[in-house]
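Given below, in the form of structure tokens, are the structures.
Across the two complexes that follow, subunit A remains constant while its partner is subunit B and subsequently subunit C.
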Partner chain A sequence: MRSELHFDAVVIGGGTAGLTAGIRLAQDGARVCVLAKGHGSTHLAPATIDVLGYAPDLVTEPARALEELIAARPDHPYALIGSEVIADALTWFATTAADGPHPGYGYTGGLERNLLLPTALGALRPSALVPETMAAGERSQLHRVCIVGTPSLRDFHPSLCAANLAAAGIEARAVSLDLTLERADMSALGLARYFDDPKWRARFCAELSLALRAEEHIGLPAMLGLRDPHAVLTDLEHRLGRRVFEIPTLPPSVPGMRLYEILRAALRAAGGRLVLGAEVVSSARDGERLTAVSTRAAGRDLVYAAPMFVLASGGFASGGIELDSHWITHERVLGLPLRGLPDATQPPAPRFVATYLDEQPLARVGVAVDAQLRAECVENVIIAGATLPGAAPWREGSGEGIALASGYRAAQVVAGQANAKQEATTA
Partner chain B sequence: MSDLAEHELLRGSLDHCVKCTICETACPVSNVSPLFPGPKYAGPQSERYRVADEPSVDLSVDYCSGCGICSQVCPQGVKIAEINAQARHKLKRQQGVPLRDRIITRPTWLGRAGTLGAPIANFSLTFKPARILAEKTLGVHRDAPAPKFAGRRFSKWAQGRTGAKTGRKIVYFHGCGTEYYEPWEGEKVVEILEHNGFEVIVPKQDCCGLPLQSSGLFDDARKVVLRLARNLAAHIRDEDTIIVGNATSCTLMLKREGREILGLQDDPALKRVSERTYDICELLLELHDRGELNTAFAPINETVAYHAPCQQQGHWVGKPALDLLALVPGLEVKEMNARCCGIAGTYGLKAEKYDIAMAVGRDLFDQVAASGAPTVACDSETCRWQIAHGTQLPSVHPIDYLHRAYGLGH
Partner chain C sequence: MGTLSTDVLVIGGGATGAGVAWDAALRGLDVVLVDRQDLAEGTSGRFHGLLHSGGRYAVKDPNAARECIGENRILRHVAADCIEDTGGLFVTTSWDDPAYADRFAQGCADTGVDCEEISVAEALRSEPRLNPSISRAFMVPDANIDVWKTVWAMSHGAQQRGARILPYHAAVRIHRDGDQVSGARVRDARTGEESDIHARITVNAAGAWAGQVADLAGIEGVRVLPGRGIMIAMNHRLVNTVINRCQLPTDGDIIVPIRTVSVIGTTDQHTDDPDDHTIDQNEVDQMLDDGEKLVPGFRGARALRVWTGVRPLFEDAKQSDTDTRDVTRAHALLDHAQRDDVRGFVTITGGKLTTFRLMAEETVNAVCRQLGETRPCVTSTTPLPGSESGEHYRLGERLARKEANLVDEQVICECELVPRSKLEEAMTRTSSTNLDDIRRQLRLGMGPCQGGFCIYRATGILHGLDGLTAAQADASLLEFLQERWKGVWPVLYGDQLRQARLDDWIFQGVLDVAHLPS
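The block that comes next holds the complex of A and B.
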């Protein structure tokens, strides 16, 4: 028996883009399987949905800035997706999060106005949609703030955060609480498990109350529980009598784990399958069509066959695209042709720029696609997320926006092609 | 393959670690206990200090339960759990293996003895003074879940069975849990397979060696798994022969862990067994995907909580039981998303680890309670015993529902 499994669509990649594509396809009635080598960037990123933060200056109205970007940069993923689909994707995501596994926990915001939220360093970062647990940290609401940390969480320094917020004109101060914990140093995740416990929260609040001043908002590293963050936030605000907000931390990202759970649960609820640990190791083609991919399961390779595929395996950071030691760039899963490579003809363009924070020549490399996000040369593979070319998410503040909108769009394209095929067969 | 070469194979994956901490988000043990510093620390970071032919540098790696979730969620393909299993082997070889670990890792010996004297054995397992004595002398925790010996053996039932002698032949690997503790699960497997037109062959078989491997007794584990592989391989008639098992951790041992962790990649018998072994739910769902599963299921109007055990997740095939249970009309399945029940085979039996195992399982036990489901389905027998212990609810293999929905109930 050869293990060959048939689906209407197979999605490669279990980050925000791949899961969104998978959920949308499953909600559309398709038999869909999402193959993930491991967890994606959800577990590392702040879990805010940043659509467009810089273009190149700080963006205050993302809806308007998006229109300008789309007009000026026809090769940008947003130009291929279109502003209407971006807006639909955001609305859909906000609904999905609100219906998710954490009761009462939702996202707020929209495309009209970017929300400016403090980072762990006390910078203000623009996002379109943010978890409700971060909302009270928004710049316009932030007049007096107390940043609270604990020496056990070594990656979060409340005094550094507060000093930078003060430099931005916010009345900010820092409090460091010595918490009695079972080990000397903890990650935000370890602390989140404490916050899940109501008795521990009560003790924490009693201790923190002693250090508080009037009419302060309280900023905590993002660790307000994994199971029921809405209840944790409500409880803290009630006990402390002040607005409380989360500040994203270095990985692991607690809000990111919640985001993953929201998407994972939505995929399952829609009837889609998720296979973790499923690295795609080979693929089969018939002319210009991909017919199947194989994953390395325990004992043997499994073949997943489908008429349509979505590739959302990530960019350089996730290993979806690699630069090898011979200075050659590859798309690693299917070996698809890339776009945006620096000119290799004589004299060759510089491979890196000397200034670390400047945009690198390879930043916009991605799989070459047409206007429908279809891979060049392989007509039934739709590209989503950081695998797309033409964007520099870390400079633009656009990573999650592109992931969400392109995953959403990829599902539309797959469904459209399936319908077109069906109509052709009927005719 | 030499110890060194097998080690280098896994060690090569270390270079892919980008220290992203995703494994730390998933580790059931380090998230509840300070005694294990986590897969990243114990794995890719500590590995830099481990040198072949030099003494072990480890102190805490024995607190890794070996569940394997870290390797599954790693987006870079680092073989974290496998590297840590080898480090534990070296540590235990240096420290010496306690008598307890030599006993509880031998389910075949225990099973044979326990089956003969089942009433006495079962009484001792529930008799508190005996358990306290076992804890004091051996280090088996007095409250750890201990299954009852069935007092009969599955293989005896199988020998006396006059099932279908037509249809496609399939080789059934039942494992020790079915043989000595839950023979009825094996009977259900056979009846479901026959109901779907298979002729079930039950070869003579013993332990897969997983308990020995997970306690760091690699030499014994190799002997045991290779003996089993040869017994099963003798029944491989052609390229299409399938081996199926319902003990999901034991089928994973045959498929992958024995070859990777014990360095038996090149053993021809184990390779042939490995590539054709299926977990029962994996097989049934694959049959369904091919339109070959009998889906004449009668309704079961019940709710069941489903926990996919770590070792089932290690097959890297998703959660087939969820899709199978969804085929039963009326059955409401609530998927639990806790990482681990805590037992990890024999880990939670050990006196010094029992509290950790229960703390690991707490999340699952709470989710089960919140779900309101009266029963918990789970693919692994040791996990079921732990779940029953932690939730005080019955825990069954997912195929029990299929068996009932087929109307095959006894």
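The block that comes next holds the complex of A and C.
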């Protein structure tokens, strides 16, 4: 049995880009449905909004570096989006986060200056916007720090983190607390649930206090609660009498799950729909227009018809773009043409290079778009996020910034086209 | 280290060299073993893991077949814990000459390789993913053998009997005075420090590098022809029995299930340099195509890793040197006292992993002959440390242990179920700061995520245990990342590429390894 559902716009992909596009369209009054095969990058990523961290040297002022990047690389997603929209998207996100489901939990920062936050390895990573729970770890505030972990958490090693911070000139030391837990093996997510409990926090702080020295900031793995991180942070800082901050570590990412909740709540509040577990398996076209996509859901196929679509299904990491065993690259949802592929003529250019940290030739592959982020050949599909060509998100430290700004921009383009169509009809 | 004196100096820590050390130590000789790298890092650690039944050589090389089945039976007893008794199948596919099957059965009968023809239906029942269009199937006692476990067991056994095992010590000079070799000068690859080892007999067990070592001794004409082959590990046990094409040995005709993966092999390219690890794209494509012939849907599985190994083929002047597969696979023992009138020096090369024990036995016999002593070999009846119970390794062992300690034990590498206690024990025991050395002992980072989750954890633990500086720990992590990438990128496609991108997310995104302060 097939049911057909009609929307003003359908967004494919439930990561930061897709959700942002969905929220913005819904806030604009459109009936929107976001279809997601599964969770996007939010649950993996540190949840900081990295706009431009390296170009290729460390970027201290992202606003200025963005202008230079836009001038130098007209094929980069940021060049298509434009610096004004990037700034608007960040402002909008900061407001959305502040109004989100976690009372008092927000993001700080901006495009004027990158914030340098310690990673779990003790490198200092540049981000434009960061959750307030991470703010006290910023390089300029970090003079004396105690990195605290527990052997129960295999995903965080305080001594290595502190040793690398010390190598960067910060007075850093490590404390490992032997927490008595019911399992030898806890994830940051499991520990975050403990931190939601005030009684447990009181015990944790009592034990930690014994190991502290004067004027130290406390760095903890990112696990300061899922339900009410602001309250957890405030409580810890009050009990310990000093600044406390979170350090992102291996997936699943607790701050990433909070980011997802912020975006999901905003979509719901604006009246948008989110369908998880909805993998698009086929699509229908009318000439150069996409008319509908079908998902395979429990027991039946559902057809989602709309005049406009946003494709934010991600790149190679999410499976939105695939390289098959015959070395052919495909966009998997709609079969759209790609840009940025290594030259395949004989002899073919390499897809990868032998040095791991060098830029990999496949890195900048994405769906070919015009200046309006419209897919080539299909006029009513707008591309957002890691599906866009031209960026190397990890090397640039630009993934979340591109996701947010392109999702924001995609919604503008969809709304603009819808308005243009309406005006044409009225005239 | 100063100067060492010993009865026997073994140069080369592969299966043969470690086998010589174990054999000689069991005979009561004092032994020092050196290798330029870690143990079993050369050819031994770079094959598909097959313990031959001899079936592969039953038609083409009956002597090799007889040796293989003989050693197969001995190793199943003395190295039981290193062997998983998978059994093997030879199957006739539609690409194979149907007349070969009867010659194969006859060859097995003539050489004493246990072989039983089973119906195609029965073969497909036991291996449901096998190509259903096969026309014949023969059961043989093929198995898989964990080389690293075997070499480490022999090395530990020899150490318990007083042997000194020195990985990362390269022989840079062989001491020779007239017609007498008296040991070697070695250089510690980690410190650069050089020292002398005086030995009554020096054994050149350098495999594909044996010609280079013989050159150091000024011995001419020891030429080893390296035959390079690639192998690809797929992320599942696509089959649980060793699957061979029933045809004369050729490229891509065998799939070996070992530990958590299946390995397809192999190719054969002549090379002049045993350190040549080139991976040719065409060879990768050929392996994937050959995999499809045996297991339809093979390309749909994830290719985890590709690597090359070099066969040490001792040159026979009568053979052409273009197709190395036609050069004899038999081993060559050169007693230089007889061959060159140079005493105190023995070379063992060629051969195959399955016959390493026999090669070691013959070598130590020659050593004893030169020393003028009679000491009988006991390796065919003495179990390796860990194999005393005579029970074979079972695939589910690690999982069973994990389930028994579900709540109490931390798992650091989920793919290969490596617990924290084992990791810390290995790090303490070997005092190695090289995560790749730890990998070969525990299989750390060898599963589907290729270290994505465990490398950071292992580096953190190593840093905590060893009191390394941040710079040393970071270097160890970056080296391991590069080492993993080396075998990953030439076969990166499909879901394994997604996995690699997730790993990038962790290393370059979350941890920012490219911008460490050191």
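Assume the second predicted complex is superposed on the first by the 425 of 427 C-alpha atoms of A that agree within 3 Å, B and C clash if a C-alpha of one lies under 4 Å from a C-alpha of the other, contacts with A are read in each partner's own complex, and residues count from 1 in each chain.
Assume a contact is a pair of C-beta atoms (placed from the backbone, for glycine too) under 8 Å apart; a residue touches a chain by one contact, two chains touch by 3 or more.
Keep in mind that what you see is a predicted model, and the values were worked out from it rather than measured.
J.: After lining up the shared chain so the two structures overlap, which partner does A:Pro307 touch, if you call subunit B first and subunit C second: first, second, both or neither?
T.: After superposition on chain A, A:Pro307 lies in contact with neither partner.
J.: After the superposition on A, what does A:Leu357 contact: first (subunit B), second (subunit C), both or neither?
T.: Touch partner of A:Leu357: subunit C, not subunit B.
J.: Kindly classify A:Ser318 by the partners it touches after superposition: subunit B alone (first), subunit C alone (second), both, or neither?
T.: Both partners, subunit B and subunit C.
J.: Which holds for A:Arg273: it touches subunit B only (first), subunit C only (second), both, or neither?
T.: In the superposition, A:Arg273 contacts subunit B only.
J.: Decide which partner touches more residues of subunit A, taking subunit B and subunit C as the two options.
T.: C
J.: Which partner does A:Arg183 contact after superposing on A: first (subunit B), second (subunit C), both, neither?
T.: Both partners, subunit B and subunit C.
J.: State whether A:Gly122 touches subunit B only (first), subunit C only (second), both chains, or neither.
T.: The second partner, subunit C, only.
J.: Determine, under the contact definition given at the top, whether A:Gly40 touches first (subunit B), second (subunit C), both, or neither.
T.: Touch partner of A:Gly40: subunit B, not subunit C.
J.: On the A-aligned overlay, A:Gly110 touches which partner chain: subunit B = first, subunit C = second, or both, or neither?
T.: Touch status of A:Gly110: no partner.
J.: Please work out whether A:Pro342 is in contact with subunit B alone, subunit C alone, both, or neither, and reply first, second, both or neither.
T.: neither
J.: Using the superposition on chain A as set up above, list the residues of subunit A that contact both subunit B and subunit C.
T.: The answer is residues 44, 182-183, 251, 318-319 of subunit A.
J.: Note which residues of subunit C are touching subunit A in the complex, please.
T.: 288, 299-300, 303, 407-412, 420, 453, 456-457, 459-461, 463-464, 469-471, 473-474, 477-478, 481-482, 485-486, 489-490, 492-495, 497-498, 501-502, 504-506, 508-518
J.: Which residues of subunit B touch subunit A in the complex?
T.: Listed in rising order, the residues are 16, 20-22, 24-26, 31-32, 34, 71-77, 240, 242, 252, 254-256, 274-277, 286, 289, 313-319, 322-323, 326, 335, 337.
J.: Can you tell me which positions in subunit A touch subunit C when the two form their complex?
T.: 41, 44-46, 54, 58, 119-125, 151-152, 154-157, 159-160, 163-168, 176, 182-185, 248-251, 253, 315-319, 322-327, 351-357, 393-395, 399
J.: Mind pulling up the subunit A residues that touch subunit B in the complex?
T.: For subunit A paired with subunit B, touching residues are 1, 3, 5-6, 33, 37-40, 43-44, 101, 182-183, 187, 189-190, 193, 251-252, 257, 261, 264-265, 268, 271, 273-279, 295-300, 302, 318-319.
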